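The chains carry the letters A, B, C, D, E, F and G, assigned in the order they are written, with residues numbered from 1 in each.
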Amino acid sequence: MNDVTWLHEEVLGAIFDVAGVVLAVGILFTIWRLTRGPTLCDRVVALDLLGFQAVGVIALFAIVTQRPVLLSVGIVMALVLFLATAAFAMYLERRARP
Amino acid sequence: MNSLVLQTASRFLLPLLLLLSVVILLRGHNTPGGGFVGGLLAASAFALQAMAFDVESARRMLRVNLLAMVGLGLTLALVSGFFSLSVGGPLLKGLWFEVPVLGFDDPIKIGTPVLFDIGVYLTVLGVVLTMIFTLQEVVE
Amino acid sequence: MSLLLAAIIGMLFASALYMMMRRSFVKLTIGLILIGHSANLLIFTCAATRRDGSMERLPPGLIEEGQTRIEGEFADPLPFALILTAIVIAFAITAFTLVLVKRAYQEVGTDDLDNMRTTDR
Amino acid sequence: MMLSLAILALLSVAAPWVCRYAGPARGVVLAAFPLGIGAWFASKIPSVADGGGIVETFAWLPELGLELTFRLDGLGLLFALLVTLIGAGVLLYAGTYMQGHHQIGRFFAYLIGFMTSMLGLVLADNLILLFIFWELTSITSYLLIGFNHDKKESRSGALQALMVTGLGGLAMLAGLVVLAFAAGDLAGVAGGVWNMSELPEGLSGHAHYPWIVALVLAGCLTKSAQFPFYFWLPSAMAAPSLVSAYLHSSTMVKAGVYLIARLHPNLATGTAEGLWEGLLIGFGAATMFVGAYLATRQTLYKRLLAYSTVSSLGVMVMLIGMGHPDAAAAYILAHAMFKGCLFLVAGIVDHEAGEKDVAEIGRLFRAMPATGMAALLAGISMAGVPLAPLAGFVAKEKMIKAGLDAGPLTALLTALIIAAGSFTVFIAIMTGFKPFFGKAQREPKKHAHEAPWPMLAAPVILAVLGIVYALVPALFATPVVTAAGEAIKGGPFEAALRLDAFYYYEISLALGLSLLATLIGVGIYFGRGLWVKATSPFAKLDGVVGPARMYDYAMLGLTKGSWAQTRVLQNGSLQVYIKMTLVAILGMFAWAIWRTGALPSVGTNFERTGLLEWVLIISIAVSAIVATRLGSRLATVAVLGVIGYAVAVVFALYGGPDAAMTQFAVETLIVVIFVLVVYHLPRFAVYSGLAVRMMDLLLAATFGGVMACLVLAAGSQELFAPISAYFNEAAMPETPDGQSAYGRNLVNIILVDFRSVDTLGELVVLGIAAIGVYTLMKLRDDHEGTPVAEREGDEDEREGGNA
Amino acid sequence: MTDFLILLRDHWLSLIADALVILLMVSGTLLFLLAAVGIVRMRDVYTRMQAASKAGSLGVACMVMAVAMYFKSLNVAVEATLVVLFIFLTTPIATHLIARAGYFVRVPIWDRTARDELEGCYDAETHTLQSDHLDESAAGTDAPPPGRSEPQ
Amino acid sequence: MNALVVSPIAIPLLTAFLCMMAWRSVRLQRALSIAGALALFACSVLLFARVLDVGVLAADIGGWRAPFGITMVADTLSSLMVLLNGVVAVAVVVYSIGAIGPRREKHAYHTLVHCLLASVSGSFLSGDIFNIYVWFEVMLMSSFVLLTLGGERGQLEGALKYVTLNLLSSSLFLSAVGLLYGLVGSLNLADIAIKLGSAGDGTRPVIAAIAVLFMASFGIKAAIFPFFFWLPASYHTPAPVVSALFGGILTKVGVYAMMRVYTLIFAPVFPAAGEILLWIAAFTMVTGVLGAAAQYEIRRILSFHIVSQIGYMIMGLAIALLVLERMADAPTEDRPAMLATAAMALGGVAFFILHNILAKTNLFFVAGVVHRLRGTGELKELGGLYKERPYLSLMFMVSAMALAGIPILTGFWGKLILVVAGVRAGEYWIVGVSLGVGVLTLFSMTKIWAEAFWKARPGETEGAEPKPDDTRGTGWMNAVVAGFVVLIIGVSVFAGPIYRVTERAGHELIERAPYIRAVLDEEYLRSLPGGIGERWIEPRAETASAGEGR
Amino acid sequence: MSKLIANFLLAGAWAAAIQPFNAANLAVGFALGYIVLWVASPSDRESPYFKKVFKGIGFAFFTLKELVVANIKMAVWTVMPLKRLRPMILAVPIQEDLTDTEITILSSLITLTPGTLTMDVSENRRYLFIHFMHVDDPEEAKRDVAEGFQRRLLEVTR
């Protein structure tokens, strides 16, 4: 048995599996918050977090499937996610204005 | 939005986003990316500017009429296809010119598809900004 | 995965159509957005599903530096190109529809589609 | 013949200019052309009577069996003469009658156009060609009937005529096409037999024979105002009277009779019990009786004549059906003379005395002796007064003889003929005698005086010709009637237009019956008050269930029905539209699966799904459900964002980073735009009840389920490898001269190179969307402050100056 | 055990890198979990934000850096750095915007919040944040601070 | 050659883009617009002539051979449709000068029109199913915007329905494309046709379902029963010239697509389509015409008639499909006659489309003139036009009679061909329905005639001075109307030669071989697995016999 | 600033020349470049740049430490009973002459550190309004912010 291969495939593999589980639980929690609200702010925060989690999933997959190109998807995500939050904030602020 | 933090940050974010958008545009032919995503990113840069300050400032920063930009982008995309007509080839046939650049082993290839992608970039940028600015002006 | 995706596509279609059948036209727009997702997922699923119903995570259609072709299997790039086109088109139409809905609301003063029958008959 | 048609067609187009520049002489100028053409036709009488027809052909649309084939035979000649000669008289008459009317030019254009179509109709040999002219007569008569278009009854009368004849005409078109192909079957011609002169024997044995008869008769009977379709004819009296005369005496209504006569040799079975004959006799007799009866209740000059025309048409149809072509042809010719004359007289009375109601007027003979004389002659002819040497009597005698020779139906038919004959006598008195010699209830509205010669010419000549017809049949009546009879009968034939009774004083049964009818008619005239009272219950019945009412009901039904249909289908409710669409599609799915006879098969190897994929799927599922249930718009948008992001991640995982990137970016921008828009939108409202929502859910879920099954079925039935391998090959150059896209990102090279047209189109969509958003928001802004009324119009032009 | 030591001797650099990857990956996912638990458990939007945005962005950063470590290529490293940079640049601003907007629309604040010095500082018309009264109170004026009093 | 095939798309696109850049100058836009329309017309004439001359033309865009790239194909039918598009283009643009006004022109009216024209050409010419989808979307989007160009309440309401149902259609279309791609892994129509043709029985139900999806999505675009609701709800709301453009050409694109897809792809593998299409045709005709009977506004009436007329086109297609279905089991000696019948039915559809585009567009043009003159299209408020505007009345009369199928005008020929084909095919009941609908069409046309033209102008009788007619720009408009009347009469007179062309189009559709050979090269056909491409390879030194494709 | 750019350029040149162009070589290049710059500008040794590089590195490590510590605190707060939490929104005074950039960086760093969240900056730029997850002593919390981040940041930027 090649130990390096073993380390890579089995140990890393197991750790990534666990990471996937943890991430998945986190995502489900976040979705719960997103759907429950109760205020729009909560949902926006949840959406923001979900965006991060999506990048996280992509990062995880980049490793698991040996595809570094996936990271560029993460870049785009990171770049635009902010815009959505800002738009929600802007909406809320305008709504608050008498 | 009247936020000092946002306004200050957008001064850094705008050029960064624009730069990245151009990078993503240009490398799209070989790696994920391309005119669409590039254009969308560039648009989000200016949209951010419009949110942080106001639409007027974003427009001033752009300096060009948006719909004219859309027209330009579209024309570029279409006309890039005409080049091959001029040399007797089929419409939208890619024409490639190899430009040797010092320091690179392979010559850089500049082709009409890249021009097409630039057209895509400009169009997407113009379109998204037209939408956002128009709507935001009403909100303002 | 394809079984799940098929179920999800069906569900997305169902919720999209359900929303499109609401009398409130704000909900209608939600339906329009949803149905776009369903169609895109559908293209993807149909193309990616194999003959036996399985579906594999293939690498994207990217040729490595220094090579002239991808050796081995890769994900069919064509459906993704189609999806990309469809996404952008859906975006354009959705944006327009949203503004249309907004303007219609301004003119009609309600979002009840049952109050928007003047052009029929 | 084609030349004559061309001349008339050109004349029709030129008529407005002729009217403008020829002044009062317009009648003469215009009448000269049909007169000349009529003379040319008259010159052909001897040769046609000898069996020599004329044929002219010009191929127009041979693929559809349409050739411009014109054929002049005896029947065609009879009608061609009526059309051109009476037409010439009417044009002459109209030149004066219509004097001063501001749309006189159009009037003549229509009139001559009508004449052209009618002439074409009777000369056409080709079935399609015949139909073309048939329809043209309907249209031109529509324009003529509605000529006084300011009046509502003119318009509705015109419409009624058009609808009834149009419906019949289209049925007839179907009949003719079926006929042509049935004939083609018999003759062994795949493309059908389209020329009437070439129709084969034995059509009555063809499987489609009943349909042919029914459809063709539908056209003929409506056109010829047969019972129960007669009602449009009196309504058409809204036309200027001479038009009615022209249309209804000599021509248009006879088009149906003409076609029946024309197809009689081909469609007749040879026995009175045959379908064709039976229908003709039945409809003809009924029409004859009902028309005459209804006429007796009228007092308006034109209406009396109109109903009596209905009766006469019934006679013609009945005579053809009974197998008496000579009688039919003789009657057609005679009827054209007396009825045409009387219609023109009615026009003169209206024009010169300002009177329309025959019950009111009388003693006009002194003021207008020539008119009165013509009317009297025509009236006697119409009444068929025994022994009067007039066309009508000749024809009527033939008719009664035919009735007496009708086999098992003799009694019934004879009775009907006598009854109708009595009524006709009464009508003749009312129209030919009463206005000029009868008692006047009051002074005429206008100072009555004789008509000028152009108006008098036609009625007088027609009246005189009626005498000539009877006294010197050989001059024109016999040859024409013989030739026509031959054509109707489809074989050699000798018409006997001798006035048996007149010459031999033979006290025949026919003569006796004719006398009886005359007496009854005179009796009704004197007891007409009583008669009207006695028949009024029937009139009431007619007002409730009569054909005219039926037409009204039908039109009402059409209007109401179409309203109802529109309310149901086009109800304005978008949700209902969507539901109907979905239900229809589901139905079509079911039908398609049923027709292909099997349920789609599906791949079975669904591999284990990774945990994160489960999470993605659950995210989408939960979000999709939640999105339909949330009460807040922006929350829904946020939830939609989740779906978008999850879908993007799916793409990213399965080898589509470009699509994933774009999806992320687009999804975010949609959120931004939604947020910007939603600012102005109302909150979600629940408008539908629970039951409706459940039904909608069921429908939506069914559709979604079907789509899911389809995805599985189509996805797992990959018949061929995708074409994408080619992109891999063509992406980077392997040989210096091979075509290459010079790109490593296959998705990108597909977008900007292989399928750049798609991308271009997509860019255009984007560009237009931007324009759309821009104009939706901006174009309206210019409206603000302007009153609604100004908005409606095209305010644009007002800015024309600064463009 | 000796196997492991041999392994350590021969591939120590790679092992350290792997260990780093594992560390980053585990901490990243744990941070995400932390964020998710926080966003579910916390009682008002500000505390949720505290949990979500920070842990979330750090989690992303960890995971992306793990990718960079794993692939050991400059391109990936640059991309990863870009992601981290951008997230660190934008998250605070986004959080600030949402928090502020939430305050404007009067999102309910957790009743355990001991002090709210922001209360009343926003100008209702212009949404500008006034703090002059704070200066005054700091300068020793007797005017009571406008913040919420502490709960009993 | 290549350029000629693409020119009907490229020219209007370039025109549109240039107009967009000439945002500020209305005059420049007008000049560009007219020049573009004329160029489009010229190219479409050249293309049509060329196709008549040498047969089916195919152009591989970008030089990528079919089926890998996108191929534009001009056969007789598509080049005829493109020609009609060119005719409508010139007419609409010229008419617009008088009708549309600088406000809308400033708001990208010309750009939108030319985008629409390009998309219509694209839909006709494209030989790629997804590309057709893209052109449909371009068409849809430009029509959305044209529809709402004015922002009035009715426009917005109508547009909402238009948008929603058409988006539903697009989604179904896209789904169908996805399913099809899943099955055969190709997007090129000819390639799909060959590959689907080799499908086994197990795949038939899926194909049938996909065919139904296409039927529904094209059916929504074409406004057939029961999918037409969006059309009467919206077509009467925009500027009249836009109605003309829509009414003339847009729905025909759906019909065209249905013809193309069903004859090329689905006829051999989903033969039962004819039945349901026949029923749909009947209901479309009847419900459309009854809808019109209930209306009292000119453009509403005309809009419902669009639906009704679409029924005729579907009827022809259905008859052709039914005949083709039966042909599979028919004895060999009957086949030539059946082929001829099917070709006649399809040729009839093509002729009918030609007729309908001319007549319907012109009726909308007339409605536009009336609207300009009187400021309304409500029949109750109109009247007196016959007296005051005899030439306009004549123009209307000719167009209306053409629409109603009065001999010898175009509609009569169109209907006659379909009727004859129907009788030859033995489908009597649909023939009966179509004829009955003809009468009701006549009824509606006479309603407009009687109310708007014959009737005295309301208010005139009371002696009040009626508002003077607004004649701004009617010169341009009338010129176009007159030109179309001349065209209608010309087509009526030369119906024979024209029908020969449309029948040729029908033959091409049925034979399929000319199309497939023009698109796919021999090398590719030979490379197809299982030898399924062999039968499409042109036999050397002998001409293809009719009906080889079956 | 020009020195920073020059240093980066030098680093890039080094990495490009030495091959492969990767992070390790860049880091080495940066260090070498720093030395070269220091050597090559004898007249300008007093330039704050040379100190700031170290301050910057120190600041980075400080931030990192804060992040780790704060995250652990946050983790504890997240899982412990919520009753023990005492959140507060406090107006934290900041130095008056901070530039826009400094305020932005400061507030961002405060937000990034778990447990604190900058909600807004007052109009007169004298106060940061910060939401604290848990505060025992408000005054101490305010002081921590001013002493911690603000001071260290200014050391780098000024």
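Operating definition for what follows: a residue touches a chain if its C-beta (ideal position, glycine included) is under 8 Å from a C-beta of that chain, and two chains touch if they have at least 3 such contacts.
Since this is a predicted model, take the numbers as computed values, not measurements.
Chemist: If you average the Cα atoms of each chain, whose average lands nearest the overall Cα average?
Modeler: If one averages C-alpha positions chain by chain, the most central is F.
Chemist: Give the label of the chain whose average Cα location is farthest from that of chain C.
Modeler: Using the mean of the C-alpha atoms as each chain's centre, the farthest one from chain C is D.
Chemist: Compared with chain F, which chain's mean CA position is the farthest off?
Modeler: Most remote chain from chain F, centroid-wise, comes out as G.
Chemist: I want to compare two interfaces, A-E and B-G. Which one has more contacting C-beta pairs?
Modeler: Comparing A-E with B-G, the pair joined by more C-beta contacts is A-E.
Chemist: For chain A and chain C, what's the span in angstrom between their mean Cα positions?
Modeler: 22
Chemist: Based only on mean CA positions, could you tell me how far chain C sits from chain E in angstrom?
Modeler: 34
Chemist: What whole-number Å value describes the gap between the mean CA coordinates of chain B and chain C?
Modeler: 25
Chemist: List the centre-to-centre spacing of chain F and chain G in whole Å, with centres computed as mean CA coordinates.
Modeler: Going by mean C-alpha positions, chain F sits 67 Å from chain G.
Chemist: What are the residues of chain E that contact at least two other chains?
Modeler: Correct list: 37, 49, 53, 57, 73, 82, 86, 89-93, 96-97, 100, 127-128.
Chemist: List, in ascending order, every residue of chain A touching at least 2 other chains.
Modeler: Touching at least two other chains: 23, 27-28, 40, 44, 46, 60, 65, 69, 72-73, 75-76, 79-83, 86-91, 93-95.
Chemist: Any chance you could list the residues of chain B touching two or more other chains?
Modeler: Touching at least two other chains: 1, 3, 5-6, 9, 13, 20, 30-33, 36-37, 40-41, 44, 47, 67, 70-71, 74, 78, 81, 92, 94, 124, 127, 131, 135, 139.
Chemist: Go ahead and list every pair of chains that touch.
Modeler: A-B, A-C, A-D, A-E, B-C, B-D, B-E, B-F, B-G, C-D, C-F, D-F, E-G
Chemist: Which of the residues in chain B come into contact with chain D in the complex?
Modeler: Residues 28-37, 40-41, 43-44, 47, 66-67, 70-71, 73-74, 77-78, 81, 92, 94, 96, 109, 111, 113-114, 116-117, 119-120, 123-124, 126-128, 130-132, 134-139 of chain B touch chain D in their complex.
Chemist: Which bits of chain C are touching chain F when the two form their complex?
Modeler: Residues of chain C touching chain F: 20, 25, 28, 32, 35-36, 38-40, 42-47, 49, 76, 78-79, 82, 85-86, 89, 92-93, 96-97, 100-101, 103-104, 107-108, 113, 116-121.
Chemist: Spell out the part of chain B that touches chain G in their complex, as residue ranges.
Modeler: Going through chain B, the ones touching chain G are 3-5, 7-9.
Chemist: Can you list the residues on chain A that touch chain E in the complex?
Modeler: 3-4, 7-8, 11-12, 15-16, 18-19, 22-23, 25-30, 32-33, 39-42, 44-46, 48-49, 52-53, 55-56, 59-60, 62-63, 68, 71-72, 74-75, 78-79, 81-82, 85-86, 88-93, 95-98
Chemist: Which chain E residues qualify as touching chain G in the complex?
Modeler: Residues in contact with chain G: 31, 34, 37-38, 41-43, 46-47, 49-51, 53-55, 57-58, 72-74, 77, 88-89, 91-93, 95-96, 99-100, 103, 110, 112-119, 121, 128-132, 134-135, 138, 147.
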